[in-house]
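After this come two complexes, each holding chain A, first together with chain B and then together with chain C.
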Partner chain A sequence: MSSKPFEHRMAAHCESGTVSAILRHAGMDISEPMVFGISGGIFFGYFESKKFPFPTFVVRSRPGRIRANLARRTGVKFRSERFRDPSSGERELDRLLSLGVPVACQTDFFYMNYLPDHVRVHINVHFVILTEIEGDGYIVSDSYSPGLALLDRDSLRKARFAGGSFAPRGFLFYPVFIPERIDFRKAVWKGIKSAAFQMVRLPVPFVGVKGIRLFSKRIAAWPALARDTEHLSHEVMKINVLLEDQGTGGAGFRFMYATFLREASAMLGDSDLRGMSERIMEIGDRWREVSLFAARIGKRRDLDRARLGELGSMINARADAEESFFNDLLDLSKKKKY
Partner chain B sequence: MENIAGAELKSEIKILIMETLNITDMAKEDVADDAPLFGKDNALGLDSIDALEIVMALQERYGVRIDDKNQSRFILQNIVSIADFIIQNRTK
Partner chain C sequence: MKEKEARVDYREHQLILYVEKKDGTYAPMRTGSYIAKEYIDDFWKKRANLEREYMEKVKRGEASPIAFHMIVEELTPSELASRVRIPVRKVKRHCDPVHFGEITLEELVRYCEVFNVPLINMLRQIVSNKTGVRIKDEKCANPFFGTLSIRVGGK
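Then we have the complex of A and B:
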């Protein structure tokens, strides 16, 4: 059994933080922003359909893609498994932990009862690392917790086998192979190219910069879709929550992407990436103004046509800035040798 | 003994917060350096939107960037923790 203690660190986002932490324990020192950037995690999608109770948007790639894309671009291999039967899922987790293997698990965030009640909501895509069995519970390394925490067995079972959208079905993963030599230049540029392509070239009207523009136009129609002012106010204030509160690292992951580009610039000795990092940081600052504006008008219920028009214009300005930024980034990725 | 620069900075932070959030019914002396700024016992009655306003005001005034919520939860605990963060990270 391994005696190596698990080094816990807080992270901005649970999936990229978990992948970074479990790889670090396995001997691959990779930061959370680097995991996020190589995996091409930055994204924008605006969704308005019967599937959703109200229009919404996402600012990161689909859950699970961060781990999968990082593995593909670096050669790291993870073993992963889902379970139909909770007892089998629990047995496998206990077996791995008894061998000294920390294991990442997908959970329903609501059951992470070591965190304050007011932050816990039902979200089925919260990733944590179980580091060892302790009495009738587990030691957990959770990106959102300041230190290692204790979670009882019953809560973990409920969290791993919660129902609903993106049901975890006991999903777990852990690294089984880390290449001796990783071509980070190639991994970084492949990640950049794929993210930039999705943001400016994907011919889908609700994805990337097109999605930001659609968002900026459609927000004027939100009052007609809301039940009443209270509902509209809640949905407009949620723009701030989605950009700032859900483990995005601030400004809808734009700050985390800036940190990735800065770290990549230092790692590869590439000054172009440093300049791009500063540009996306600035873009993030303006997204934060969108956040604050939405939160303010939502809170004051100041939601007439003119105000929503102002908000739409601010969002459209973000589309302009990101279009120019990701086009330049895509051009750079085509010029570089890797 | 606390140094004068630290005391001045803390006073400056209190004024900045009160001006940013347009708090007119309290004096800066009413806010203790170690009183919690957020949570159920906070004296100023601040919420998460106020937190974002404070984060942006601190960035503009001192050039310090507080990227994410996990970080801001600890930095914005009270006036002392904000002052410590500014002393270590200020660019203005």
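Then we have the complex of A and C:
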């Protein structure tokens, strides 16, 4: 590993941005959309469970899969480790940093105190890169921060060893092997096939296109689940946050996926992918209309049955568009040779 | 999304969006958060109302400070229990002001770590009728002790 200065760049999403940045530092120049696309990160899941204080949805694959799937499809190897004991986790991190190795860590987003207060929530799947030790803290390269930030030791310890769902248990990783030649054609098409399969073929009622349809129907029942109008307004406006602001690159990752398909089209000289990239960009534009509509009706407290029905119809139209898009993408991935 | 539609002037909350550039290429663009710029006041207003409502419940003995922080931080009893490393039934009991007194000091410290508040703030509310008062809790190596510094005027 080299001890060259770490180049910080903002990214749309923490996990794909972290993987892209740490690989770039190690000498593999791969963009964030390419990391996201090869890993098959695009997804949809609608969840109503006691684990969540209110129904919610996700627009990306399970945390950790971006790194794991990218490694499997490109041959890149990461060394990763979890720790039972926070002290040993901290010692190992300090040891690596003292050797000049930038290290990616899984954290609880709540403790990233260099970010604005309104974005910091308890969620255990935030990825950052620690680049060096400074005083009683660490220099952090966080995809959501415009520049390198300083995080105190106590906050990082709490963030790395928080309990709860997806508890990080001090998880850290860094690349140890990058193949000289990577078969990007195979990696790209495998990523596309797995993403399209998850969106249209998984026989689970709350994931993929079925999940979008479930979301469109269930939103009419949200008023009965909310404490009061302000709570309902908050949850409806969170649709905008989850689609646009919470590290998606806009439109629930659809714009980033369009960028991936465009980049893959140029890399592989495949005009079919260019056409598909335009289609998903257009789908993303309509998702953005959903999120803007949700923000507006939430702000106005205009949340009666008719208005939520209108929102549900807009979401259902996205399900129709994505069903057609991902079916075509799946067919395409089956026709191609790789 | 076209580049010009994505541009939002809001330095306080920056993010990356993927957009269609003027030349037709797709690329990342750094911009401000639209929802933060347009709706942040509404967010804080709702948050303040929620805090006020639950603080009144705490004062009337209808909710415990644990319930207050759990609601404000949007946690469920099961998620909180897992973070504090105690059974869910215990969290539910601690949310009830009648049983709040059963909590051990060690458990309270663990709750405070999750909520990121000083220990003593679980048992009191700080209010001031003056502007320009800076109140800061300072930690020390002893997890059961802290310093509340109150500064008025000056820098």
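We take it that the second predicted complex is superposed on the first by the 332 of 338 C-alpha atoms of A that agree within 3 Å, B and C clash if a C-alpha of one lies under 4 Å from a C-alpha of the other, contacts with A are read in each partner's own complex, and residues count from 1 in each chain.
The criterion applied here is as follows: contacts are C-beta pairs under 8 Å (C-beta built on N, C-alpha and C of every residue); 3 or more make two chains touch, one makes a residue touch a chain.
Every value quoted in this text rests on a predicted model; they were computed, and no experiment measured them.
Touch criterion met: A:H122 reaches chain C, while chain B stays clear of it.
When the two structures are aligned on the shared chain, A:A167 is found in touch with chain C, with no touch to chain B. Applying the stated contact rule after C-alpha superposition, one finds that A:S141 touches neither chain B nor chain C.
In the overlay built on the shared chain, the residue A:S39 is in contact with neither chain B nor chain C. Once the two complexes are laid over each other on the shared chain, residue contacts for A:H234 go to chain C alone; chain B is not touched.
In the superposition on chain A, A:S194 makes contact with neither chain B nor chain C.
Touch criterion not met for A:S265: it reaches neither chain B nor chain C. Within the superposed three-chain model, A:G249 lies in touch with chain B and with chain C [touch as defined at top]. Once the two structures are superposed, chain B and chain C can be ranked by residues of chain A touched, with C on top. When the two complexes are laid over each other on chain A, chain A has residues 10-12, 143-144, 146, 237, 240, 244-245, 247, 249-250, 255-256, 259, 281, 285, 288, 292, 295, 299 in contact with both chain B and chain C. For chain A in complex with chain B, the residues that touch the partner chain are 10-12, 143-144, 146, 237, 240, 244-245, 247-250, 255-256, 259, 281, 285, 288-289, 291-292, 295-296, 299. Those residues of chain B lying in contact with chain A across their complex are 48-49, 52-53, 56, 59, 65-71, 74. Across the interface of their complex, chain C is touched by residues 10-12, 32-33, 50-54, 110-111, 116, 118-119, 121-122, 143-144, 146, 154, 158, 162-165, 167, 230-231, 233-234, 237, 240-241, 244-245, 247, 249-251, 255-256, 258-259, 262-263, 277, 281, 284-285, 288, 292, 295, 298-299 of chain A. For chain C in complex with chain A, the residues that touch the partner chain are 1, 6, 12-20, 25-28, 30, 33-36, 38-40, 42-44, 46, 49-50, 73-76, 78-80, 82-85, 113-114, 116, 139.
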